[in-house]
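In the two complexes below, subunit A is the common chain; its partner is subunit B in one and subunit C in the other.
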Partner chain A sequence: MAFLRPTTWPEALAAKAELPGAVPIQGGTDVMVEINFDVRRPEALLDLTRVAELARWSETGGRLRVGAGVPYSRVIGELGDRLPGLAQASRTVGSPQIRNRGTVGGNLGAASPAGDSHPPLLAGGAVIEVESAARGVRMIPAEEFYLGVKRSALEPDELIRAFHAEPATGPQYFSKVGTRNAMVIAVCSFALALHPAERRVGTGIGSAAPTPLRARAAEEFLAAELDWAAGLAPAGLAPGVLARFGELVSEAAAPIDDVRGTAGYRRHALAVMARRTLTWAWNDYRKAREQCA
Partner chain B sequence: MAIGKAISRVEAGDKVTGAARYTEDVRVAETAHAVLLGSAISAGRVRGIDTRRAERAPGVLAVITHLNRPDFAAVPPTPYTAEGRMPLVDDRIHYAGQYIAVVVAETREQAEHAATLVVVDYHRTSPVPTLDAALSQAYIPRENGLARVPSEYRRGNAEAALAAAPVRVEEEYRTAALSHAPIEPSSTLAYWEGDRLTIYDSTQSVHMHRPLVAIAFGVPEDRVRMYCSLVGGGFGNKSYSWPHVFLAPMAARVVRRPVRVTISRKQVFTGTGHMAATVQTVRLGADQDGRLRALIHDSVNQTSFIDDRQETASAITPYVYAVPDLYARIRVTKVNTGTGGAMRTPGDSAGAFALESALDELAHRLGMDPLELRRRNHADVDPVSGRPWSGKQLLACYDQAAERFGWDRRNPEPGSARDGDDLIGYGMAGGQRTEHQRPAQATVDLTDDGTAVIRSSMVEIGGGGLTTLSQIAADGLGLPTAAVTFQHGDSALPAAAPTFGSMTSGSTGSAVKLAAADALRAAIDLAVGDRRSPLHGADPDDVVAHEGGLRLRDRPGDGESYRALLRRNRINTLRGDGDFQPEGEDAEHAMATFGVHFTEVRINRYLPRVRVVRHVAAFSIGRVLNAKTARNQAQGGIIMRLGAALMENQRPDPVSGRFISPALTDYHVPVNADIGEIDVIFVEEPDTNANPLGARGLGEICAVGICASVANAVHHATGKRVRSLPITPDKLL
Partner chain C sequence: MTSTDTRTSQGIGQSAPRPDGTLKVTGEFAYSSDLWLEDMVWGVTLRSPHPAARIRSIDLGPALAMPGVLAVLTHEDVPGEKHHGLELRDQPVLAVDRVRYQGEPVALVAADHPERARRAAAAIVVDYEVTEAVTDARRAAFDPACPKVGERGNILRHQPVRVGSVFEAPVVVTGEYEVGMQDQAFLGPESGLAVPAEDGGVDLYVATQWLHVDRDQIAPCLGLPAEKVRVSLAGVGGAFGAREDLSMQVHACLLALRTGRPVKMVYNREESFFGHVHRHPAWMRYEHGATRDGRLIYVKAEILLDGGAYCSSSPAVVGNAASLGAGPYEVGNVEIDAYGVYTNNPPCGAMRGFGAVQACFAYESQMDRLAEACGLSPVELRIRNAVSQGSRLITGQLIDSPAPLAGMLAELEAFPLPAASDGDLRELPGGVAQTTHGEGVRRGVGYGVGIKNICFSEGFDDYSTARVRLELAGGEPHVLVHTAAAEVGQGLVTVQAQVARTELGVERVTVAPADTTVGSAGSSSASRQSYVTGGAVKTACEAVRERLAELAAAHPGLTTTALLQRFGPVEETREYRHRPTFPMDPSTGQGDSHTQLALCVHRAVVDVDVELGLVKVVELAAVQDVGKVLNLLALEGQIHGGSAQGLGLALMEEVLVADGRLRNPSFTDYLIPTILDMPPMKVSILENPDPAAPYGLRGAGEPPTLSTTPAVVAAVRAATGRALSRVPIRPEHIALT
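Take a look at the complex of A and B:
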């Protein structure tokens, strides 16, 4: 197995173009597990940890661009105020050591339906920046990125360079159920983002379908039901709205039974998490409105 | 007194700094590395195996299969030979992961690579994948080495008494297959010098396993030297010599070099046993006042096609409660899985889940407090032999733990306690473990620098034996614990009891006590016979050990240090011998350890995950040797079983029978964030009927009863009775 260590982005792209079978590796928290378990034995590993720019993030024109090599611990520490949903999800990843190594870019590369960063990326409307030496940059909305179990829209000669997202303009929440309280892959997970400026709701479902996905019907239902302008009404959310939102999220999923949980439990838990995250988010929204008023 | 003191482990510093040397850390020049290739199918034969590419791979020294292996001299006896079939003996495949080739190379990486080049042509047959698929074929195993306890026990006429009982509970309970999942994967390093074999093995007993290797290779036992100083977690899976233990010396013979086999992380799950899944039925008959009239406990466990190994779930049942009419049975049934092994706590953990859940159901049906139900059926004497118990303090355990827990605050109505969206449940369950003893030898050497050295082959598996046994020797000689060192884990030393079956404290501990007493006696004899000693001429019975030397019991001023005594007499070492021989079947007392558990669970009503927020346990184990290591061990045992209660499940694939989660990524054991407050009480009473030391075992009793206590708390919280472990949220929807 060849081990390639480019130090610049153009070198990395050239290496990937030359050896499309090379598997990019950042923190190794997915790739090394698969190699250790003989799930695969790629012809080459493409180590991207020396490409310094991948570990940087920037904010220009009200948009964040986060390099594929920024680890979870830095998402939490440096971007927690701007990407709260993603930061919450990052806190649930593995242990401190794993959060120091693992990256959102790596999570995207693996494209596992259980990856913790996918639901907040979907809910937040993130866009993935990928690039190849031959065809240059492509910008892929998160929703179009996930194609199947551990399959993404990435072409064999392409690498993930960054993801783009707008800093949160409203409350964002992430919720995850595991078989234990830490060091765990999600049984299922859910992310919610409120986008008050556009009066829009974003959602993301994890580990409950072949791919991470949005609950579109739930988003549309909720966007229409929420009293965005007032936000002040004492009860805020009618119980019927909460319940229906939970149902629609649950219906959007296509879970299976596996070692971590049953399909029935996943559907049930998704509805619970949808109601919970919506309650938290709407309380935040109301409080913010009250303070403004 | 050093005994009883809460001191840290003597090897703790080495362990946290990385200086501690485990079997994998041993380095021997010229060592080659073997990798074991496991079968990809779970039933069938190896029709052909092509090793040519592997043999030509870089660094490869040999590829050994059933076709070219050397013969074993004999099949060593079970049960401590884990499998009754020697590895590579023929082309048959009984379970997935069974070793079918050994690849030996200069480096482990080369061996791993070459193993991927071995091409196997399998003849597949249809596997029996699960316990359920085999349940109708259950049978009583014949009494061979692995059927360790009687498969049936009967007193009175349980069926008739059950039929006549006014109140009955008859239910089926299921426990999942569990993996020991220790941190340290088993490792064996072997080399031959002529017919002398040196073997470093991650074993829980060098003296139990050395003879097995000697028999397998047809050499006298004294030609084999086995070492193991520290085990990085065993929980029973290193109580046996698994196939890799025999393959390392075989490979070393073939390549004429030292060979190390360290099994892979995944092979820990398939190559060193598991606790077999069980299906149990418990039928209880009682009077309205809660007195048990009849008890029938029937258990079936999966076993391999190689061995009939019982998970002895109902073996303890006849001994636990005063029930006049009782029938217990253990059957097995063949599944295409590896042979199971003892896992903390063999038989009793699984059995207590069924029995103690059923008692809770009975209490609920009677409208009686579950603790009161147990008090009413307390076995004042051993119900099997009629002998008095030695040091049974179970009623005191009930009282103290119930008080500490606040059991009297429990409203018996299920679902009655809530805190916001949390349902709160209180549950309790008892536990009992037969106390096992084995002969054990140790020496204690008193040296002329005023220190002492224990010599005994004991293996430290993490329970704290190096520390507690040092405390015993220190007290015996009037030395500080820091003045005692311990030579251990070497078959050339006096034979310790194995470090399994909770035998270190009682058996090896007693040997150390006797050895220290013998060394002291030798020092006293030397002093009273020595004209130059201030103790010259004293009655030996009046001389006692005190602060690094001897003195007269009544006149503290008269005495001298060991150092002065030995140096003056030009003696480097005074050796004391300790030989503990347990009483046999004719012992006056019945011996067991006892415990009780109280658990508080909180369950969110919408997302019904069970959180154990508080657990109080009390144990009757005779004398406690070290308050800190004992508490630590008990907490560990409780946490281990909380895993079994809530998450651990080594599930078989329903088609192939292969374990679905043979890896720590999916086989989840509890993490720190899962564990609430755990309080441990010891109702202490030195039990000198049991042994000279007065201490019984703790390592196993601490892990009996927890699952039922949790399940009973879950019922109290929710009104739902979960009779199948683990208690996952889907079962509470």
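Take a look at the complex of A and C:
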């Protein structure tokens, strides 16, 4: 197995063009596990840890660009205020050691339906920046990135360079069910983001379909039901709104029975998480409105 | 009561530090997988992908043709006995003409690189004719039309217990219970190094639990006399029963003898799940009858244990489930039938608690049902039926040493309850995965009681051997203790040194590495090593002391140092046996089958998210009677660890098997508790000595594993109102039923 170690982005793209079978590796928290368990035998590993720019993030013109090599621990520590949903999801990944190594870029590359980054990226409307030596940059909305179980829109000669997202303008929550209280792969997960400026709702469902996905009907229902202007109203959300939102999220999923849980439980848990995250988000929104008033 | 000896600073009763502790925490400890010789080669195992199949043919040609391959072996290359086993030699070294479980070893490869060995193994062509797999234990046991898994019938032991004849009562509760297959999940997967010797024998360095029983199975398979197979203990991560059976021992020796090179074999975690026995899954039907004021009249039970494809230690597991099947309660009428059966599921055998764990979950669940039916608190009902010294077990055996169960329960109940959660996500069900900010969370409290036999039972000649040598080193007295007892993480090396310091009053003690150049120490199992090897070291020290006293009497005025200077080292070897035990009557189960019994009681406090079915254990409290504390730090570690393993069985640990196939052979999907799952513990340790045991001690490693599981489940039932008759509890059992 060849081990390629480019130090610049053009070198990395050239290497990938020359050897499309090379598997990119950042923290190795996913790739190395698969190699150690003999799940895959790539012809080459393309180590991206020497490409320094991938470990940087920047904010320009009100948009964040986060390099594919920024580890979860830095997402939590440096971007927690701007990307709270993703930071909450990052906090549920593995152990502290894993969070020091693992990256959002790696999570995207693996494109597992259970990846913890995906629901908040979907809910937050993130866009993935990918690039090839031959065709240059493509900007792929998160929603179009996931094509199947561990299959993404990435072409064999492309690498993930960064993801782009707007800093949160409203409350964001991530919630994940696992069968132990830490270091667990999602049985199912849910992310919610309120975008008050556009009076829009973002959602992301994890581990409950062949790909991570948005609950579009739920988003539209909620965006229409929420009284965005009158967040100051004394009552919270009508129970009917909560229940219907939960149902719509649950209906958006296409879960299966597997070793981690049953389809029925996943649908049930998604509805519960949808109701709870919405309650928290709406309470935050109202509080923020009260403080502004 | 034996008094604590304070002549030395690190003797019995002191929290002497363990030599391996810092090394393990800092990652410097040398495990068996770290063994290395310059000229060694690597062995790997080809395993069956099928739970049941005939082997039509095996083509080794493609493997032999690969570069770097030194040997490829099948059953035809096993020079001696083709089978091994702990109780019955029914397990092939390598499959002969059939495979009986997924993962059964079929062929071996030695090559100059582990990757080459793996590729060669993958190149072996085995022509299987897949046959019907027997995977339903009930069908295997009771359906006469069911195919036979092995050469014998499918019931490998049926042990009844019959007492009295009154099976009617004013209050009757029934229940069916199920225990999933638990894995020992030890650190350091199976590994070792076999080195061919000039005398035609072999030296094996391996992580195991019982060197001599390994040797006694290895040597016949190799066609060698026992003395030509020398086994030394390599660094063990943990065992919990999973290293009682052979794994790679014979395989590595076969390859070493064939190639003339040292052969190293190391399983990875996935192979480890196929490479050792698990805890027997169990299906249990119970009926308890009692008076209206909650006094037991009778217990009826059927306990069905799936032993999988080979015998392993299943018969002894069945014996425990039967003899302890009603728990530590006085009951005059008993009809228990415990069965161990063969199936084409993974072989099951020893795991901490050994048959007593499964029954404990069922009888404790029943005691809670009975308490509810009688309108009593769970603690009060248990106190009304608790055994004490002078009671008889359902086998008729007299409990002839302290068994203060009622007092233990009262003490446990009086522990203050923990405060409500302060809302920190880490304190809530789901942790930082943020499934709740408090919504749906209900608190529950539950109790569990367990009784475990200590040491081997049912007439087994259970002994240990110790060689103790008092000598001068650098002009100062020094003690060398040598036994074959396996340190598997429980702290036995430390305890052996503590015994020697106390008995000989010498500070400087070295415990020699365990190997087969000294007599058998028996297994590091059944919570028995402090008792039996501790007893052997104590007895050998006493013999050294006597010799020294004789010398001193003959040469008055000479100090110990002077005597050792003049007459040289004093060395004595002694065997130590506990009181004999006897078989259970095959039709009534009666007999003094155990030598010592140990009690532990647990209270669990849980917060359950009843909508999502997620559980946070808030606190575990335990009271355990250990007779005598030898090393408080190590003992507390045993109680914490045993409790964590019991918590795991209650809430998450299960090897999932479907149609004879493992579905989760990795730590990604076989979950064990993390630090956010295992809560702080309150522990009270009692010291009511057993006069028959060294220092009055009572084995301590297993009892906490029993009582934790029912306590946690009872607490979850209290929080949710769900019946929860199966462990591990899964979220859907709470949220959807």
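Quick note on the criterion: the second predicted complex is superposed on the first by the 293 of 293 C-alpha atoms of A that agree within 3 Å, B and C clash if a C-alpha of one lies under 4 Å from a C-alpha of the other, contacts with A are read in each partner's own complex, and residues count from 1 in each chain.
Methods note: a contact is a pair of C-beta atoms (placed from the backbone, for glycine too) under 8 Å apart; a residue touches a chain by one contact, two chains touch by 3 or more.
All figures in this text were calculated on a predicted structure; none of them were measured in a lab.
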item: Clash-or-fit label for the pair subunit B, subunit C on subunit A; value: clash
item: Contacts of A:R200 with subunit B and subunit C, given as first, second, both or neither; value: neither
item: Partner chain(s) touched by A:R5 [first = subunit B, second = subunit C, both, neither]; value: neither
item: Touched partner set for A:R65, first subunit B, second subunit C, both or neither; value: neither
item: Touched partner set for A:R138, first subunit B, second subunit C, both or neither; value: neither
item: First (subunit B), second (subunit C), both or neither touched by A:R82; value: neither
item: Which superposed partner A:A182 touches (first subunit B, second subunit C, both, neither); value: both
item: Dominant toucher of subunit A (residue count), subunit B or subunit C; value: C
item: Contacts of A:G261 with subunit B and subunit C, given as first, second, both or neither; value: both
item: Contacts on subunit A seen with subunit B and repeated with subunit C across the two complexes; value: 33, 36-38, 177, 179-185, 259-262, 264-265, 268-269, 272-273
item: Sites on subunit A touched by subunit C in the complex; value: 33, 36-38, 88, 91-92, 173-185, 187, 189, 259-262, 264-265, 268-269, 272-273, 276, 279-280
item: Footprint of subunit A on subunit C - complex, ascending; value: 118, 268, 270, 426, 429-437, 439-440, 611-614, 616, 651-652, 656, 663-664, 666, 668-669, 671, 673-677, 730-732, 735-736
item: Interface residues, subunit B side, partner subunit A - complex; value: 116, 265-266, 606-607, 609, 646-647, 649, 651, 660-661, 663, 665-666, 668, 670-674, 728-730, 733
item: Subunit A residues touching subunit B - in the complex, by the definition given at the top; value: 33, 36-38, 41, 177, 179-185, 259-262, 264-265, 268-269, 272-273, 275
